[in-house]
Amino acid sequence: MNGFVWGLIVGLAAGLLIAIAALIGVWWERKVAAKIQMRLGPQEAGPAGLLQTLADTIKLVLKEDITPNQADEPIFRFAPFLVFVPCAAALAVVPFATGWAPFNIASSALFFLAVPALSVIGILLAGWSSRNTYASIGGVRGAAQMISYELPRTLSVLSLCLLAGSISTVGIRDAWRWWWIPLTAVGFLVYFIASIAELNRGPFDLPEAESELVAGYFADYSGIRWAIFMMVEYGGMVAASLFGAALFFGGGLGLPGALGAVVFVILACTLATVMIWVKWTFPRMRPDQLMGLAWKVLTPMALVQLLVVGAVIAWL
Amino acid sequence: MTGFEQLQTRLAELSPKLYPLFSEEFGDAVIGVERSQLIETAEELRALGFDRLGMVTAIDRQEWFTLVYRVASRSLSAAVFLKTRVPREDAHLDSLCGVWPAANWQEREVFDLFGIVFDGHPDLRRILLPEDWVGYPLRKDYEDDRIIRRPDYI
Amino acid sequence: MALVDRIGAGLESLGGGIILTTVDSLVGWSRGQSLWAFPMGTACCAMELIAASFNKFDFDRLGTFPRPDPRHTDVMIIAGTITEKMKPAVSRLYEQMPDPKWVIAMGNCAVSGGIFYYDSYSVVRGADSFLPVDVFIAGCPPRPESLQDGVLQLRELVRTESIAPGKRRERTLNLPQAPVAHTGSTIAEGSGEVE
Amino acid sequence: MTLQIESRTPALDDAGHPVEELVLNVGPSHPSTHGVGRMIVHLDGDVVVKVTPVIGYLHRGIEKMAENRTYLQIVPLTDRLDYVGSMYANWAYCRAVERLAGIRVPERAEYLRVIVCELQRIASHMMSIGSSAADTGAFSMFIYTFDVREGVVELFENLCGSRLTYNYVRPGGVSKDVPEGWTDDVLAFTGSLGPRLDELDRLFFGNTITRGRLKGVGVLSPEDAVAWGASGPAVRGSGVNWDLRQHRAYSVYPRMEFDVVVGERGDAYDRARVRLLECYESAKIIEQCIAQMRAGAIMTEGLPRLLAPPVGEAYDHIESARGSLGVYLVSDGSERPYRMKVRSPAFCNLALLPLLAVGHTLPDLVVILGSLDPVFGEVDR
């Protein structure tokens, strides 16, 4: 029972965190994109446009919630939550502080890698139930992409597990040493690229490719349900950044109390900003190139990383 | 020697068949043919190196339509207008898609706006106007209550 | 009935008053601040619509940015000439937008047919003949500043709208095509002021 | 008029079984159709089996309208044809009128026409490259190229007071002489253009993803390009040296030194890059024009306000940013043309789309359409 209450609290906190992350993340993305594009970005709502996303959110919540006539109504209405829940669940095992995660389970690294991948079901269902050609193509693309990038992402984290001798996120973070950074640099790169691809963000935003599929799998969603899809994107970005900062960079491990937390947050924010930067710089890939990248480049890279780490451990 | 005379002398050498059809109208080289001989002439021109069909259009001359094809040649660095007439009541002629593929869309446009039928065209449908449009707007006698005539300011 | 309509009707049945006006102002603020545009760019004006959202003029400052999917947008900016062939597509895209939705007619063509008013057999003379237009922007094409001013004017309209069903602003179609005063292109072009 | 999609007998696979095709309607309002184009795409999996372009969503009947306007009143109509490059349609039309009426244009006006048209070429190509980039998802690149275009638009605004529809080239000359200091502004612009274009070149064409997306996509053979009447960068990208500025050498182009840029493979990459490299050549031409231009009249003296050319027919064409843009005028001796026909390069280039797209995937289709650079004002007229 205790665990259930705690789970409820963590769930609510995760939802809140994702909402806040989306509120700030969208604003930050618009500002960074504006900077890249020699613009100013949101300015009018609140100081420096900080309240812009709040206005957008209120507006979206109050918009008409359209279910197209030919759509499969129950699935169509439920699919956004199927995407949201795995994303929120992933936050439960992020090692926020030394030796502490909201849920410190033994195989939490595996949990973190496996559970967000479940949102592929939501994406597929959203695309399919819309009965819209664009949405269907987007959904199928999303499924193929997310399943393919699962492998390099898992392999890259596996080398950390090997180094730490643990498959718990807390265990990895506590065992972290600074010389892991140069040793797992390739692994981090693979993890980072695969995470962007998992989140369907540019340059891998094929499922929602604006210039081809208009909006992809959420083409027929409006109002609050569409806002949930947007929130998931930013929530996933936050989870991937926090996880990367904690595991690959130690997340301010060993620094005293508050300073460690600040360093952790700064590291995570930097990673998120780099994701935004990448999105607004690169063109989009083609589906076949995307698959080629996953299977021909990233997976071998992650395997080599694993071998190198194994050799180092054997040598030590 | 003007460009026209140059072209004339070269055509006299290269194609005695086309030479008699050749004339000058308003400074341009023109080959005027009967509509039955259009494809034949077009193939002859194509063989001479006129490989680019630039423009296909029609002019509504009340009793008949004048079809104007502008073909150009890079090797001869010359251009001629191929002209033919079709009577208004019997507005059809052979399609030149087989000679120059470029004629495809341009003939569709002429069909769409003038109602001239191109026999043997692979895909003769309206191109600019909706499929269910009535009438051929570029004909001089086209009537449409959507049109508001411009008052004469001049 | 959408959620907001239920709230509005409920508050109105309570007699309106301070709660309704407060909710109204909050909703009006948020809607006015985030007028996402559906760029119905058909002709020349589309270029100025692009220019307005790009770096020199930057629509994003006003919280407006173009999204290509009608389901995610609030205001349809009709930028350019609408022809008889295009008209069904425009009205269908308008239908696909979720409520509440607004329409801006940008440029003389969308206002009245503009330079194509006379002699054309295929141009629809004004978007208000089949869509309820909220803001008209004259010009052939209007400058990006004019468009942004049009969006600001729409924001004022949106702000003063109430969510209570009884206090809705009526929007009408200009169905019979009344002749609209036509400015010659040489006068209109480049002047770009919004009346 | 409905938005229904035609039915079609299904294609067969190698074993003779019918392939279940996915029919996708793209447009008429779609972010990548550059306006109001529409394509009906038949997909087998992700591969395009057949494309049917549907055009005419912007058909305003300008050719019919011209029959009820005087020769001078048609100039503003031609602005609205190719709204990305209004100067070209102005000029092509004016050349046809001048040919019909036998008007000689003062030399300074010819120089001014060449300057504005080359500036327009830079602006139009920037728009084209930018929208191609946006089609591949590099949206920031669109903004960078558009920024270059804004520079040209500002120059035009100083010259003729309008940002988009200029109405500048008139039968007999140009409407206004340059304002004070304008040529210096132009020189400053062309001077700064080189480094900016270099940067765009590195950013976009040097990018691995861009190369992967554009190279080998939509290959157009030189034979097909000529036979299908393609022109402009679409034909030059395939390695065909066909540029009216050199081959017809109209106006003052014979006095200019510039190279015709040609591609090698004829794919989307070459077509886009030909456009970028042409901008360098345009800058060269502009600088030469300004150096050679002398003071003088900008409009033919003694032109009647109401032109009534003698009975005749005239065709003239110029090299616009999209290819050879021609205007065919028929006069019956009155003050209004009997018939005006615009030979639109974008229309002819777009006819290539069904040929190029088959066998490619859906994302490539968008790239191919962008590389043909259709402007629907000109396609549909």
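Each chain gets a letter, A, B, C and D, in the order it is written, and its residues are counted from 1.
Here, contacts are C-beta pairs under 8 Å (C-beta built on N, C-alpha and C of every residue); 3 or more make two chains touch, one makes a residue touch a chain.
Predicted, not measured: the structure shown is a model, and the values here were computed from it.
Comparing chain pairs C-D and B-C by the number of C-beta pairs in contact, the larger count belongs to C-D.
Measuring from the averaged C-alpha position of chain C to that of chain D gives a distance of 30 Å. Rounded to whole angstrom units, the spacing between the C-alpha centres of chain B and chain C is 44. One inter-chain figure worth recording: chain B and chain D are separated by 23 Å, centre to centre, where each centre is the mean of the chain's CA atoms. Each chain gets a centre from the mean of its Cα atoms; for chain A and chain C, those two points are 36 Å apart.
Contact of a single residue of chain B with at least two other chains is seen at positions 129-130, 137, 142, 149-150.
Multi-chain contact residues, meaning those touching two or more other chains, occur in chain C at positions 54-55, 68, 84-85, 118-122. Multi-chain contact residues, meaning those touching two or more other chains, occur in chain D at positions 1, 30-31, 56, 59, 61, 64, 68-69, 143, 147. If each chain is drawn as a node and touching chains are joined, the picture fits none of the line, ring, star or complete shapes. Residues 129-130, 137, 142, 144, 146-151 of chain B are the ones touching chain C in the complex.
On the side of chain A, the complex with chain D involves touching residues 33, 36-39, 133-134, 137, 202-203, 205-206, 209-212, 214, 280-289.
Chain C contributes residues 84-85, 117-122, 125, 179 to its touches with chain B in the complex. Across the interface of their complex, chain A is touched by residues 22-25, 30-32, 46, 133-141, 143-144, 147, 204, 207, 209-210, 212-213, 361-364, 366 of chain D. Only residues 2-4, 26-27, 29-31, 33-34, 54-55, 58, 60-63, 67-69, 71-72, 74, 96, 98-100, 163 of chain C touch chain A when the two sit together in their complex.
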